[in-house]
Structures are given as C-alpha cells and as structure tokens.
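Structure incoming, see below.
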Amino acid sequence: MTPSAVGALPQLRHAFTIDAFVAPDRRIGAIDEGELIYIPITGGRVHGDIEGEVLEGGGDWCVVKGHYCTVEARYQFRTADGDVVDVLNTGVAHFLDDAQLDVGYFPTRPVFRVENPALRHLVDRVYLGWARSTPELTAIDIFEVLDPLPQAGETR
Amino acid sequence: MTPSAVGALPQLRHAFTIDAFVAPDRRIGAIDEGELIYIPITGGRVHGDIEGEVLEGGGDWCVVKGHYCTVEARYQFRTADGDVVDVLNTGVAHFLDDAQLDVGYFPTRPVFRVENPALRHLVDRVYLGWARSTPELTAIDIFEVLDPLPQAGETR
Amino acid sequence: MTPSAVGALPQLRHAFTIDAFVAPDRRIGAIDEGELIYIPITGGRVHGDIEGEVLEGGGDWCVVKGHYCTVEARYQFRTADGDVVDVLNTGVAHFLDDAQLDVGYFPTRPVFRVENPALRHLVDRVYLGWARSTPELTAIDIFEVLDPLPQAGETR
Amino acid sequence: MTPSAVGALPQLRHAFTIDAFVAPDRRIGAIDEGELIYIPITGGRVHGDIEGEVLEGGGDWCVVKGHYCTVEARYQFRTADGDVVDVLNTGVAHFLDDAQLDVGYFPTRPVFRVENPALRHLVDRVYLGWARSTPELTAIDIFEVLDPLPQAGETR
C-alpha cells in the first residue's frame, strides 16, 4: 500500500480571548496520576468575535506531573447577547522554573456547548487554545481551526 | 458453551452521606443531548464514616431529557482530619411531576480522588449513591459495594 | 443544620449476565497512572432478561496499580430481537495473588446506549455490575438499581 | 481591566500520518445525541517522524448530527522500535453531501499514551489532527502544536 500523501497545514484564525480570573488554588493531594489541584474560576471577560463575561463557578482541575501539568477546566461565559456558553478546556502546561510559577508552552483543546444556532460554529467546529498565566488570571486565546490550503496533487 | 451461573447479589453498606447546598441553577440551553443546566455547589456537610464539610466550588451539570435527567457533579469536601476529597458523581434522576420539581428515582455512581492512604478505599473500591433533593440541598447517601454473599455451587 | 436522615438501602435485582470472550492482552506500558493493558473482546453471549450475543470489536483498557486495577471496557452486544446495545463499563478489580491472575472484588458501573424505546430502561436507569474472570472470558452480572424500601420516618 | 493583548498564532508542524483501515460500520441507532455508529479499526500504518503499524482492535464511535458528526476513536499503533502507543482521537467531520459519503472539514484532537521516555513528547505536548476519508481507510495527519512566534510588545 502506498502511504497517504501528507496534507497541507490546517490554518488557524484568532476567534476570541477568554480572560478567566482565578481564586487561590486548593491542593487536593498526590493521586496516582500526579498532584491534583483545584483552581476556582471567579469571573472575567471575553473579547474578540464574541464579547462577554466569564461567570463565577466551576474551575480548573490540574494534575502536576513534574515538569508539566495537565489541565481540565469547566466553566461558563455569557455573551453580550445573553447566550450562556459552557466550556470544557483540556490541555498541558510546561513549567519554566522549579517553583512551577512560570508557565511556558500551554496549548489547550476547548470544547463548547451552547443553544443559539448563531453560535453553533462553537459546537460543530474544532478550536485550539493557547493560554498564558499571570498571578490574577489565565488568558486563553481561542483559535478556530480552518481548512488546510489545498496543495497541488493532494488527495482529498 | 454453558452460560455462566448467575452470581449472588453484591451487598451494600451505608458509608456516609453528603449534604450539598446548591445555589440557583443557571440555564445554559438546549443542546443535542437535552436541556443543559449548571447548578453551583456552595457548601454543605458530610456525616457518617467520614465527618467533614463540602467546599464551595464546582457544581452539577444536568441534562434534562423529558421525564428524566442525567447529572454530572464535580466538587470537593474536606474531612475533619483535613483531607480534601475530590468527587465526580454521575447518575440519573426521574421526575415525579411535569414541573420537574419533584425527583424520585435518583441513583448515582460516585468516583473519589484523595491522597491519604487511610482513605484509599474511596479510590480502590466502588460506591453507589442515592440522592434526594430538597429546595436547599441535595443529600446523597453513599453506599460501599461489598462482595456478594457466596452461594452454594457458585463458580468464582 | 440537622444532618439529613440516612435513607434506606437501594435494592438490587439481577437483570442479565454478559459473558465476554477475550483475546490475549496487549501491554501498552507504564504510564502516569499505572500499567496500561488492552484486552480485545472477541464475542460472547448475553442471558437473563436480555438474550443476545456479544459482538467482536472494542475491548477493555485496564490500568494496573499495584494490588488493584481500574477497567474501562467499550464494546457492543446484539439482542435476539436485533437491537445493538453499546456498553461502557468502568470499575475496579482487586488481585488475590501477586501474579495478578486471580481477581476477587470486581464491581463495575455499566452505562448503556440503545435506540429501541422498549430497552430505554438501560439508558434512563442505573445499573451495578459484578464481574468474575476466567482464562477464557469475563462474566459480568448486571444488577438494576431499584428504589430503596421506604423506612418509617424517612424524609424523601 | 484592560483586556489581554491577543497572542500570536501557535505554529503547526507535521509530525506523522496515521492510515487506519476500517471495516464496515455497525449502526447502533438513534440515541439522545444523534445516530450512533461504530466503525471497527482493523490495521494500517504510521509514517513520518514515527514509522509503525496500526494494530487491529478498537474503533471509532461516531454520532451523526445532521450536517456533521462527532468522532471518538480509540485504538493503538506499534512503532518500528516496538513501542505500543494508545490513541484517543476526538473531533468533528462535516458532510459535503446529503448521502454523508463525502467528508470535508475534519479536524481532530488526538491524545496519546505511551511508556517510552523517548516518545514522551506524545504525552506532554498537544497535537492537532486533520483527517481525510476514503472508502478503505481514514488518513489522519498529526500536527504538533508549537509555541507561537513572539510578537513585539506581547505580554507572556
């Protein structure tokens, strides 16, 4: 069998940014997978294609595994038009120092749930997130994954 | 092939009860699976084998599907000894009336995560929950699943 | 606040038994959570309230963590009436010996998906499984969780 | 509060391609979320940074929801060096015609599990997949998500 030709790069487009305020974290402890920590989400804002506010409630379940940690955040935001969007955002963060205060590489896989058909692209398309941490908030740029630019001779 | 002999009934033992206080629910809206609702968890207490307090944070993601709904609650409680236990509790609730205010059949499948080896039975054993709703709180009896009582002639 | 009165024990009723044939396991290796092993499911039968056959395909992702392991099985069975039922079955198994050949305590939390309204109780009710291993197959008794028997003075 | 500055685009790099052979699909039926279908995975090959073969076993649980479907594939591949890699690949596919034979937009979120430290980048980094369907196989290009190129004045 001939291996498939490699397709072109999918394109990314910045859609919106979520600034999520966080409260002090709550250490749950060492479990089989690593060190489990819960970070409450207390509010924030959304700007870009969508303008809105992050709602208090939910949080981020992080598991620290040495030089990196996995994240699993669950919360909601409300758009300026009144739509509530549920967010599940998983990913990995790499620590830049031993104190685990400074985070570098931090991509995520956001999944959204919302009712309004005008926002159904949040549900039926795939997004890639890139997060940046400061002491007060986590800012997550949300990029829509677009079709690759077709290449000459590509098999689709 | 001869069908396996049916084993005896597993035994249940009440371990502890979680009284989780809830804030007013937040309607997210109709998604593919049903009507998505988020119920914040604001505190509460634990009593029985374990004494402790439910911590503010996290909540219950419910999907209403006509006469019943699925629940997926994520939160923590702290024991009197200071251990934090993370809870994931999924299940189904059947409504007793059209207004969906009164809930009858309401079993759940709790999964716990905790560090302290003295509480590792919460991690390496299986539990069954039974929940009861009042306007102010959800009370969940947690039952440990024990070995079936052996029967004469049973193949193990 | 007065703690909730403890409710009565939920009742269990044997609904059916799944005899799932397995092929030799495939060791994936040590990951953060433990030792990951994949066990292919190759067929089998269902007997009890439901008569049917286990379909080839899917398997069981097990993570061995010392004296016990977690299981996560995904497969399907077809009833004698032609309905296909999708199964997700998670649980824990305790080893009785160091060679991890003999399994004792082995309860599971089965979740079913099926179209036929005549089988919707598989979807809108909660079940508890109890599994037994032999070299050729895993037999899982499936028990329906029923309402607790009401107690005098119980608050519902 | 000043909104966070928007970060630069993460970069994508083709890492490898998975050609997964599939057997005829098995219709499970209409469930709450849509039409559930199971597609067995029977073998295939991996080429690029990693050379290897897709192992028989596991499959793809698809839920058709009108003009698109969600996918959730679980299977393994073995590298030329003998390492087994477990794959969980979720995503969405958009249909190009009413017969749902032709698939267009088809990005995925692959998650890998493997023991060998030489392959730990599969575990501690994030990947984006792009899938293409033919009658015999699904080819998935796997792209590693790399750091954005820093912009002048960007807050990190």
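We call the chains A, B, C and D, going by the order they appear; numbering starts again at 1 in every chain.
Please note the rule applied: contacts are C-beta pairs under 8 Å (C-beta built on N, C-alpha and C of every residue); 3 or more make two chains touch, one makes a residue touch a chain.
Keep in mind it's a predicted model, so treat the numbers as computed, not measured.
Over half of the residue numbers at the chain C-chain D interface are used by both copies of the sequence. Interface comparison, A-B against A-D: more C-beta pairs in contact at A-D. Least-squares overlay of CA atoms from chain A onto chain C yields a rotation of 180° to the nearest 5. Centres computed as Cα averages put chain A at a distance of 33 Å from chain C.
Once the centre of each chain is set as its mean CA position, chain A and chain B turn out to be 28 Å apart. Each chain gets a centre from the mean of its Cα atoms; for chain A and chain D, those two points are 17 Å apart. Shown for chain D are the residues in touch with two or more other chains, namely 32, 65. Those residues of chain B that touch chain A in the complex are listed here as 26-32, 36, 38, 40, 55-59, 61, 74, 76, 83-86, 113-116, 123. By the touch criterion stated above, chain B contacts chain C in their complex at residues 1, 3-4, 6-7, 9-10, 12, 14, 17, 19, 45, 47-48, 65, 67-68, 91-92, 94, 104-105, 107-109, 124-126, 128, 130, 132, 137, 139, 141, 143, 145, 147-148, 155-156. The touching residues of chain C, when paired with chain A in their complex, are 32-34, 65.
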